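Consider the two complexes below, in which subunit A is the common component and subunit B and subunit C are the respective partners.
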Partner chain A sequence: MPSSAGVLTPALTTFSRSVRNRGTPIESSIENLISLLKRRQIRDSKPCAMATAYLLRRVVETFKIADVSGLIERVHQVGERLLAAQPREMAIGNIVRRVLGVIREEAEEDRDGETSGYSDADTDSRPHSAGENGSRLPEAPGAVSRALLSSPLPRGASDQPSLEPHEDGALQRLPVLTAHASYASTNTGPVVTSMFSLLSHPRSNVALPTATPGSQSPGSHPPLSNTALANLTAAKDLRAEIVEGIQEILEELNQADDQIAGYCLEHIHSNEVILTHTSSITVQKFLLKAAAKRKFTVIHAETFPNDHESTHATVIGKAKGESDDELRPESFQKSLTAAGITVILIPDSAVFALMSRVNKVILDTHIVLANGGLVAAAGAKVVAKAASMHRTPVIVLSGVYKLSPVYPFDIDSLMENGDPAGVIGYGDGDMVNKVEFENPLFDHIPPELVDLYITNLGGHAPTYLYRIIADHYRAEDTELDKFNAYQ
Partner chain B sequence: HAAPAVAEPGKENKNVALFDHLYGHPRRTTVAGAGKDVHPAVLALGIQMRNYIVCGSSARCVAMLLVFKRVIESYTTPPRNSLPRHLTILLSSQIDYLVSCRPISISMGNAIRWLKVEISNVDVSTPESQAKSDLCDLIDTYVREKVTVADQVIANKANDKIEDGDVIMTFAKSSIVQQTLVEAFRRGKRFRVIVVDSRPLLEGKNLARALADLGLEVQYSLTHGISHVIRDTTKVFLGAHAMMSTGLYSRVGTALVAMSAKEANVPVIVCCESVKLTERVALDSFVHNEVAPAEELMIQGKTSSPLSNWVDVPNLQLLNLMYDLTPAEYINMVVTEYGIIPPSSVPVIIRLSTNT
Partner chain C sequence: MPPKNTTKSAKAKQKPQEDQREESLQAVVLADSFETRFKPFTQERPRCLLPLTNTPLIEYTLEFLANAGVQDVFVYCGSHADQVEDYINASKWKLKSSPFRALTLLKSTASSVGDAMRDLDNRDLITGDFLLVSGDVVSNMSIEPALAKHRARREKNKDAIMTMVLREAGTGHRTKSKGSRPVFVIDPGAERCLYYEEMGSRRGRSRHITLDPELLTSNAEIDVRDDLIDCHIDICTLDVLAQWSDNFDFQSLRKSFLHGVLKDFETYGKTIHTYIVTNQYAARVKSLRAYNAISKDIMGRWVYPLCPDSNLVPDQSYRFRKGKVYQEDAVVVATTSIKKTAIGSQTNIGEDSIITGSTIGRRCRIGNNVIIEGAYIWDDVTVGDGSIIREAIIANETTIGKNCTIESGALISFGVSLPDHIGISMDRKITRHQESFFDNRLDPEDSDTSSVASSRLVYRHPSASSSASSISTLASLNDDLEPIRDSSRRSSFRSDPSDDAAETRDFHLEATASILDGLQKGDPADTIILELNGYRMSTNASQHEVRKAVVAAFMKRVSSLSGEDNASGISAREAVREVFSKYKGLVERTMFDKDVDEKVDQVDFLLLLQKEAFGRPNGDQLLLFVTKEVYDSDIIEEDGLLQWWDNERSAEGEMGKVRDLTEQFITYLKEAEEDDESEDEDEDEDMED
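What follows is the complex of A and B.
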């Protein structure tokens, strides 16, 4: 699986293994992730995003009701619980929104597709959807097979229309069947049908005569159940497409760093002095890729006390990570110094002194907000401010998954304080009772301090981010906690 | 390129190119090889300065003058030589030794310049014992006027700027800022202090401890927390290594504090004795600065710091800068014993103080 690549903390690896395990009940997977988040065993945007995507993929796979609004509600509820467990890891919310967006989109496409299919002939849609299903199967084998609930139905659809509903609770499936069946038979215009399906209460159509035979006496009347069957396949098709959509999100998560690195030559010229902060793998990959073609100097601020250890390890050329027994791709990544780049490690305090000779500041980020501001590791604000004082451009590297549609009305709620032991060691324990210690983990950087964002889609001005956010999230999902208002 | 690297393993130049002019010879670590006429007290002081036991512009200046007093006390003019001539030469070798331990501060330079003038002013006809005691008295007066009394005056003046309810931020440790805060606390003002600190010296920790021991309300953070703590701050008090008309030359990181204060519209007040004022001008932190040994950046108390073998990593350089230049635009006022001035008036005070 490509999902095992990327920055995985051991906790994430374990979680992804357990969530993929068919034997694990979904509820325990959810609880598992919630506690992992609460205990900070999974932290930082990317691991959180991946864990959320793994979990939601499983949620979609195991969801019993083949009803889109129910599925949306379910995903939403799981997302809310995850966000409640760790509200500052906003990548969780982003992935939940993306998944919700995928569900909505697939549902709409599905509806449009069906109505157009049915407008010609009822039977046309079935081979079409089955074929489509077959072609998609190899792309996400585990996911789809689970989505099909171990039934060969879609491939050999016409012969065994019946297995499915009984195995998996026919009555629960019923609503969507009936809904589809009803507009298939009424064959009104596409707009009307989609509106109908969107607004109608799923259970209200249970009694429709065309659907009931198909579900209640499965297999016995193939001609009768033809439409029902088509819709059954369509429902599973929908699930498979959603799972595939989540799979694409996961792949995007894995590829984001490399895609961002692909833009490096557009931004780094020869003999440049680049200042960076924190030991970000995104930034390291970006610089490393540029190092293959260009010669430049990197000034690396050590980000004491929250990230200095991995920064030191990064400049020395050792892999970043909590445990050494995990073999991850980063372990084999060449260090910048090995690539012939001069790296100067400085304490954070020297940033201002050196800024007048720095050509570009390249920063990693924790999350990017809707207004073009960002939340990054503590200390990044003064770096960005010093850069803007010296008219040095600030470039922020961020995968699209870090773009959050949340507008920063309350910045303090996004901040977090870390372990004060980083600021004051045990050797100075006598001060603890007298002095207040502060160890913030994040800084909020307003959009005016950033000159350019580079995402996996390319470079964007901070003012343009709202557009990318609009492309990736549905407006109705922006405020996750207000979901119930749409019910 | 590969051939010389193999021939001389570990000989890669680890100096940061931008600061190549500042490295000079490595700092002296022992007294071995010191000139034979270097006074034992000077030998000891050199090592203390090198190890930051005597640290800070004023402290180093005072310690140096007191040690020079010992040198003068134990001095006898050799035959066929005059005191003004020979003592100056002797002092120069003491100073050379001190420089080899750690580059001297602006205030030390100012004091040395003054002392040399005083020595050269000694009348050759004056008996040696008389000349020596005169010089010692002059040094005592200088320390008293330029540092002790000056500090009291500055602490009093700066105190007027502290009001009840203030939240005062300071960076690292400055003896004059500490004195000001202690004085304000002694006067019963109710305020809070935020000490911002940075690696590797962590001087602010000592300040925070000293103030907290007195009973002040103290908050301690590192440079990464500046943008958070600045929001509570009402005034920033900074110490100086040297004050120029173009800006404040002080412990590296000061500029970040002043910049954040400027952004947050918090007044920045520099407390600075006139001995630290200099006519030297600088526009950046590159031309004049001090590069401390990179090894000091190792995390103390960690047995397996990843940085421990940094020298073996090709192309990796560690930069341990001591000072930075805070542009004058970030500084609202400079409190000196002559009065409260803007940075642009620094040359005026220098003329005033050297004429009298």
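What follows is the complex of A and C.
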């Protein structure tokens, strides 16, 4: 109880606290989150994703798993309700799909273990091998990150023609689609577990299409199989594994910004002029990390009317960790100017005029769509258009959790319109009576205006996103809800 | 979130320790407005359940409270309490997931805000600072800064008893009321409200207010503002309740309470402060005009995130589409142009219709070639082909035939069915509800004259179970009524219909207070008559109003003399005798029909008396004593009494029950003189005013 705070407007912190509280019935937690979403007390991709993950973890914990399809059904239903509450926060849907994926995967592993003696050794060994390999990377959570690890693939790697879908046979696609256990379950032979292991043996990768699946298992796999077999009987607790999987998703959410920032030195060079937009924490971290090594100039568009105040605060280094009362690390963050970077704050209208001097545009995004387009804070499209006019590269920073398998058939329905009070004061009676105002919160940027995405897995071309999506989401979960399954 | 298991039972008093342990915010929602501005709809449904863009009004208020982090909510129901109760119990606010720790319904027979507040004080439910809001507030504001300021002020000065939240809105704003404009005189430094007055836009007191010169000399700086929307969101302390209790004649929130407390600043030193909101939305659906304006504000997303597509009520499924159309699932729309409209689910709209700036509820059937502009159509309405509806409100389950024309300002209440080819002219109100004359007892502030006037606007269908044939007489009947009441009818959207009411209310309040004052001080009857006459002349009040004031004051005096709380209490009978015998002259001077056969004035007096008695605990007794007393002292003649007794209005429904005890007395009278039966009953509903 926040006794000292007196009145406390509910938000993510209070919600996560109440979800963790064992006494709260699960149904009321769900309703609670739904009304928080409806009231927009939890908004933006990251808080929504976090809240969804907290809630689903609780759903899994409280669900009496008789059979897995029941659990899948349950999570699906909860996800549908959450999405119906706020269809434009698509990060919710992404997390639901990820959790469903985790459940399906664990279930299939489990089933494999029971049915076929020889393949379970392989499947069960996956987490171990992935974890081992991954320990060299900044973050190595087990089961889920297997999928993540499969894709820190240099852009060049995606150009390898041998793996492209025109060769449609299941055998050819298998090595890449490791996360798709549906293939694994139908397949009798052992499956190549991760893209990472493929990359660590680039030669075998090239040779792959001709090789038979059975012959090209990764090196780490055979020695582990015995111990894995022994573990099998012990590691029966499906629930624990699923919860662990969700825990990993949460960790990924927390670390996404730092991981993205880790790629900064590859993209920001000395004496460059960088233009950015909105007061995004992701972008700020990215720039700050680069500022430690290099000197460059940042031009910051203020994003009137919805975000200008926090943009100003960010520039002068007084950013508060959003409206959350939690003391998060962001609130202690230094401003760019304190790190010795020249920051120029400009009105949005000046973006085009300054674009000719800009070397790179770095944008944050609200959501990334399946076709490589994105939905970002209103004003981002102006920036992207201006950049494409001047042939300035546009880099978009986005955690993988923002990557949605939804294809934008109806762009209007992805937009949220806000309160016009930012555009004109409500007190201006004549204007309010006679003029109509719109204040869209988002812009849709088509894929051709974006040059590069940097996710926590590395940099990707927009055309490559489909691959990451395929790695992270199961095809059967793509159409999660009736809201996004457009006509 | 607080643990849910602390939910306490409705009647249980909160213990002081609990209060100290956790400082929770309480809120009181006045679900009854004690007004009649939404007639005829409010005759069948409480105002707080009327749909505003297809969502009941009270949802907006409760959302606002949930946003503000309120934990305990008390909903004060007045009229139609059962409906409010049913609704709340079925709503999401009663679920375990509700953001409120406790939501308590309080039912009472309060007939004004004042009574409700005094009742609240008696119940001892409120433990600390609380929010007082009416059940029709729409706001996306966060109350925290206002609350913080209020608390800081409280720390320094215990006499800062209330903070009013006011929304700044420039001149000519659609959401402000056009009728009586509140004027706040504010000390901007201390954010203190110094003076309050409502400025009417017509008649004599139109465009000026009177300021005490001392205000100018004693304050370095004052703002006189009439650009504020008073959204009736007040942060109150317990002292506010005490003030209400101390001043039992306070009736309304602003006019009497605020005005009264400010006036007594010299004596008691209580101050009331203001918090002026400049960048968020706050308004109150207090009249049909405001209903129209706020609907537009919601559709224009000023109230974001409380827009239809936020789907506040769990079963809603609105989505925002092109052309500012909010549409639910399962809406069937033919090739039709729709703009800026909200459409509920399972509604069918025919071909070639044009719908702009409107709200259409669920399960409606809109025919082909229909034109709907700026209208509010609630659930289950059928509109025939080729009809035209402009800026009207059409309530649930109404059927409108083909090729009807409904002009702006028309209000069509629940379940009315109009046959084909009917024209409803401007500002007509149509209801099936059989209105009993005293139905509006919930509205003591509106004087009877105005309620007669407004009831005259309501076309009452003779057979409530309306058959189509009788409806066809509608147009002609209405035409008859038109010339009579022309002056008092005005567009429901364009002006504030209860302006007249405000004026007479003024008279009633002031006159009652001055008579009561005289009675208490024991002034001679002549002095009181003189004062009363002077006041009557200056406000051009009718004799009916004078009678009303006299009756009210006398009854108050009687009950204060005989009340249980009075230590030196005398019996009601003695009290009646004492008051009425001493001031016989005063009562007599209010009636002028001694020599006429039809004792209209006397009947009126007795009706008022009955009405006044009705609202009191031992009303039946009081009525008996008073009728006996006035008969014995020849204030009322026997004919008058009998005519009153036979008057249909006095016998109706609830009202009639109050007469039960008096019946014996009347029977006695009738038996004593059975020869003189007045044969022509007084059936006229209209009083002389």
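What we mean here is this: the second predicted complex is superposed on the first by the 340 of 487 C-alpha atoms of A that agree within 3 Å, B and C clash if a C-alpha of one lies under 4 Å from a C-alpha of the other, contacts with A are read in each partner's own complex, and residues count from 1 in each chain.
Simple rule for what comes next: a contact is a pair of C-beta atoms (placed from the backbone, for glycine too) under 8 Å apart; a residue touches a chain by one contact, two chains touch by 3 or more.
Just so it is clear, the model here is predicted, and its values are computed rather than measured.
Trainee: Looking at A:Thr478, would you say it contacts subunit B, subunit C, both, or neither? Reply first, second, both or neither.
Mentor: In the superposition, A:Thr478 touches no partner, neither subunit B nor subunit C.
Trainee: So in the superposed three-chain picture, is A:Asn32 touching just subunit B, just subunit C, both, or none of them (first/second/both/neither)?
Mentor: Touch status of A:Asn32: second partner only.
Trainee: Per the contact definition in the header, classify A:Gly23: touching subunit B only (first), subunit C only (second), both, or neither.
Mentor: second
Trainee: Looking at A:Ser413 after the superposition, I want to know if it touches subunit B, subunit C, both of them or none. Which is it: first, second, both, neither?
Mentor: A:Ser413 sits against subunit C, while subunit B stays out of touch.
Trainee: Per the contact definition in the header, classify A:Gln255: touching subunit B only (first), subunit C only (second), both, or neither.
Mentor: neither
Trainee: Tell me the contact category for A:Pro440 with respect to subunit B and subunit C: first, second, both or neither.
Mentor: A:Pro440: touches subunit B, not subunit C.
Trainee: Classify the contacts of A:Asn371 with the two partner chains as first (subunit B alone), second (subunit C alone), both, or neither.
Mentor: neither
Trainee: Using the superposition on chain A described above, determine whether A:Thr13 touches subunit B (first), subunit C (second), both, or neither.
Mentor: In the superposition, A:Thr13 touches no partner, neither subunit B nor subunit C.
Trainee: Quick check for you: in the superposed arrangement, does A:Asn359 touch first (subunit B), second (subunit C), both or neither?
Mentor: Touch partners of A:Asn359: none, neither subunit B nor subunit C.
Trainee: Which residues form the common part of the subunit A surface touched by subunit B and by subunit C?
Mentor: Common to the two interfaces on subunit A: residues 425, 427-428, 430, 436-439.
Trainee: Can you check the complex and tell me which residues of subunit C touch subunit A?
Mentor: So the residues of subunit C in touch with subunit A come to 1-5, 21-23, 25, 63, 66-70, 92, 95-97, 99, 140, 142-144, 147, 151, 167-174, 176, 227, 278-281, 297, 300-305, 310-312, 314, 317, 319-322, 324.
Trainee: Can you list the residues on subunit B that touch subunit A in the complex?
Mentor: Listed in rising order, the residues of subunit B that touch subunit A are 16-18, 198-200, 205, 208-209, 212-213, 217-229, 251-253, 255-256, 259-260, 263, 284-286, 289, 297, 299, 301, 305-307, 309-310, 313-321, 323-326.
Trainee: Please give the residue numbers of subunit A that touch subunit C in the complex, ascending.
Mentor: Those in contact with subunit C are residues 1, 3, 6-10, 14-15, 17-18, 21, 23-25, 27-32, 34-35, 38-41, 84-85, 87, 412-413, 417-421, 425-430, 432-433, 436-439, 483.
Trainee: Using the touch rule from the top, collect the residues of subunit A that touch subunit B in their complex.
Mentor: Checking each residue of subunit A against subunit B gives 302-306, 308-309, 312-313, 315-318, 335-338, 340-354, 356-357, 377-379, 381-382, 385-386, 389, 415, 423-425, 427-428, 430-431, 434-440, 443.
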